[in-house]
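Shared chain: chain A. Partners: chain B in the first complex, chain C in the second.
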Partner chain A sequence: RAISDGKPEKFQPPPKPVIIDKQKQREERRFLSPEFIPPRGRTDPLKFYIERKDMIQRRRVFNIPEFYVGHILAVTTADPYANEKTNRFVGICIQRGGKGLGATFVLRNVIEDQGVEICYELYNPRIQAIEVLKLEKRLDDNLMYLRDALPEYSTFDVNMKPVSRLEHEEVPVNKLQVRMKPKPWSKRWERPKYNIKGIKFELPESKMKAAQKWSQPWLEFDMMREYDTSKLEDKIWKEVSDGLKK
Partner chain B sequence: SITGACRAIQKLTRVRVVDNSALGNTPYHRPPKCIHVYNKTGVGKVGDKILLAIKGEKKKALIVGHKMPGPTMTPRFDSNNVVLIEDNGNPTGTRIKTPIPYILRQKGEFSKVFAIARNFV
Partner chain C sequence: MMPIWTKSGKKHAVTLLKVQDCHVLKYISKEESGGKTSKLLVGGKNVSPFFKSESAVEIFKEAGVPRKQKVSMFNVTDDAIIKPGTPLYAAHFRPGQFVDVTAKTIGKGFQGVMKRWGFKGQPASHGQTKTHRRPGAISTNKAGKVYRGKKMPGKMGNIYRTSYGLKVWRINTKHDIIYVNGSVPGHTNCLVKVKDSILPTYKDCNKNPPFPTFFADGDEKLPEDLYDEEIFQFTDPSVTYA
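Presenting the complex of A and B:
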């Protein structure tokens, strides 16, 4: 460190070390799996409590990673009829359904020009491993329209390497607009009921306007359909995190 | 035109022949259709034998995948797939490129079909 002037410089103390408390950061980002939240209804909360205990028990033994619709997962299941008794399937998660122990997720992939979808149960003891290969959320909660999209949007390499990811970062959102096969589709995805943002509609303007005829703009203001889950979520999150820490 | 909600295979469903046999791959002006399902109910699922009408001939076939969602943990295909078979159970083709579900092993003695299949799901 050569001194440019002849005079001695004022003593500069070294910069204070920045302590990144990883524990705190992990706690700030909490993810409660959607199957823990009980559906609205008149069933006894005791039933959901017992189910949650069983779900926590299973999660203690087997790690179910955090994943959303649009992630690319690789699932290995135990299969008595397979060669090495295990069956590995890679695919994009298009839908997460069910509540409690019957929670399911559907993985889709196109193998040898044949589209294959498998509906897996999250808490099935036959599942041996779930790996998240690529994390990315999509613009929609339900990617069922991939069945009517061009097959290139559903093809994923079976031997894909897992993409590395930092712990405390936000899950990236992929704003991909998917191109569709020519109509007819399995469902009329252009209708506002499905509220799909991830398709690049190449339909004429008249068709898009005609589809808006089925819109129900009063639905979002309907107070009877509101289900506020914030307090429930806090309670359930405390229960689940305590159960997993033991 | 295509029918809307396609479910399991029954009489008059159009199927897709998946092996590399000559009968399945040569183009014809009518698609291969199922004319009988060898089952107590007339509905064919994976592992059932059916009678197909291809190129004006009757031929037996084995269902290896359909568009109807089956039990959980089993695959659901985007097309109704079928493998041409003789009366004694021997497959007509020599190679099957499309994936075959493992569940088929449970349904009957189809070891010759597995021998020619390349991919499994």
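Presenting the complex of A and C:
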């Protein structure tokens, strides 16, 4: 290389190599199902402990996979009135609600142009199998707006094959912006209280501005609403992992 | 409250009741009490013995037991008398038994006639002047008076009420918890009185209950959880219909 100035260049040491320890990364990823975290209230923690024992007991016998809102699941339940006594339903998980043994999740699918939503209980003994067909997180926690979106966004093939996935990888986030049917909608999804990032709003600017009137910017600074669950989660995670290892 | 599933796949809601430091306090004989049967005084949760007069704490001192928050009376037949000072446990009840639960309901304060007694009130519009939640007429012209016991606004709740005929699904002997079907009067963590059911349909339902009560230092060693026959236990595989 041509050295322009006569002064000797200062010795630049080579950059240090960055070692990515893959084993450490694998251990850090841990998923605690949201129904284990007890809600804020005045109930005795003994009640949650006993419920957790029952939940761990059920998980030891029957595998409940890790899944988030936006995953596509296939659930087989025991049905006394079906031909073979099982009933299989495939759908996208719209919301996960409830705490403890009564935790539920809602699956949505469009079958022969009819939208169908079924609410399943995670710990119901009639459920025979839960398979995760496709893993993808969405931008929101609650996909109820799919009811007002174009039906193509809620249709999933009933005989879909499970998409293969490498374990120990981050769950991919699908940044899909959904197009909606013309208004009126079941809820005013443009309002800031729903905080939806997954819709492509094709409304005029004036309407979007008018919706911001209902924003409550003081909510994020409200200290009474803070519920720090990190320590609780650590304790519960230890309990659950110990219970499942036995 | 928790869900519970039966072996046929049906779901029932269940309330958890914890038996916390229950001791028998005193035995009152038939003649002393003036009733048809003798009575036993039973005390509940432990509380501090201070800030109370001597006479109130006397009963607890005689029994040799710390002061209790709630004291209730139970009518007992002569062959079921227990010595004062014995602790009572959740294993006194067995799954499959039927039980009545008494407690003070949640206090709602001074309430109007629509919430307290379920009156219909008046329409919201069509010319009503300042009358939407009022009782309306309280008596007839011929009566010339208002009858005693007329339903009117007043303090609602905070009174003793009983739910009858609740089935016991499961008992946890380690933590002394009784799982009782359905809902129970009172707020969460309130004190509650649990008795064998008086309903005539459940008179013959108690098959060999521990009589007079379950003694912890006796010979019987119970498993940690006692289940009813119909309950789905989580150790079993999923329910299938053949």
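Convention: the second predicted complex is superposed on the first by the 219 of 246 C-alpha atoms of A that agree within 3 Å, B and C clash if a C-alpha of one lies under 4 Å from a C-alpha of the other, contacts with A are read in each partner's own complex, and residues count from 1 in each chain.
Operating definition for what follows: a residue touches a chain if its C-beta (ideal position, glycine included) is under 8 Å from a C-beta of that chain, and two chains touch if they have at least 3 such contacts.
Here the structure is a predicted model, which is why all the values come from computation and not from measurement.
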{"item": "Clash-or-fit label for the pair chain B, chain C on chain A", "value": "fit"}
{"item": "Which of chain B and chain C A:E121 touches, first, second, both or neither", "value": "both"}
{"item": "Touched partner set for A:F201, first chain B, second chain C, both or neither", "value": "neither"}
{"item": "Partner chain(s) touched by A:R147 [first = chain B, second = chain C, both, neither]", "value": "first"}
{"item": "First, second, both or neither for A:E51, with chain B first and chain C second", "value": "second"}
{"item": "Which of chain B and chain C A:V61 touches, first, second, both or neither", "value": "second"}
{"item": "First, second, both or neither for A:E112, with chain B first and chain C second", "value": "first"}
{"item": "Chain B versus chain C as contact partner of A:D79, first or second or both or neither", "value": "both"}
{"item": "First, second, both or neither for A:W237, with chain B first and chain C second", "value": "neither"}
{"item": "Overlay on shared chain A, then closest C-alpha pair between chain B and chain C (Å)", "value": "10"}
{"item": "Residues of chain A contacting chain B in one complex and chain C in the other", "value": "79, 121, 124, 126"}
{"item": "Touching residues on chain C, where the partner in the complex is chain A", "value": "2-3, 5, 9, 11, 16, 18, 172, 175, 177, 188-189, 232, 234-242"}
{"item": "Chain C contact footprint on chain A (complex, rising order)", "value": "41-44, 46-47, 50-51, 54, 57-58, 61-62, 78-80, 85, 100-102, 121, 123-128"}
{"item": "Interface residues, chain B side, partner chain A - complex", "value": "2, 4-5, 65, 69, 72-79, 81, 97-99, 102-106, 119-121"}
{"item": "Contact set on chain A toward chain B in their complex", "value": "77, 79, 81-83, 87, 89, 104, 111-121, 124, 126, 147, 184, 186"}
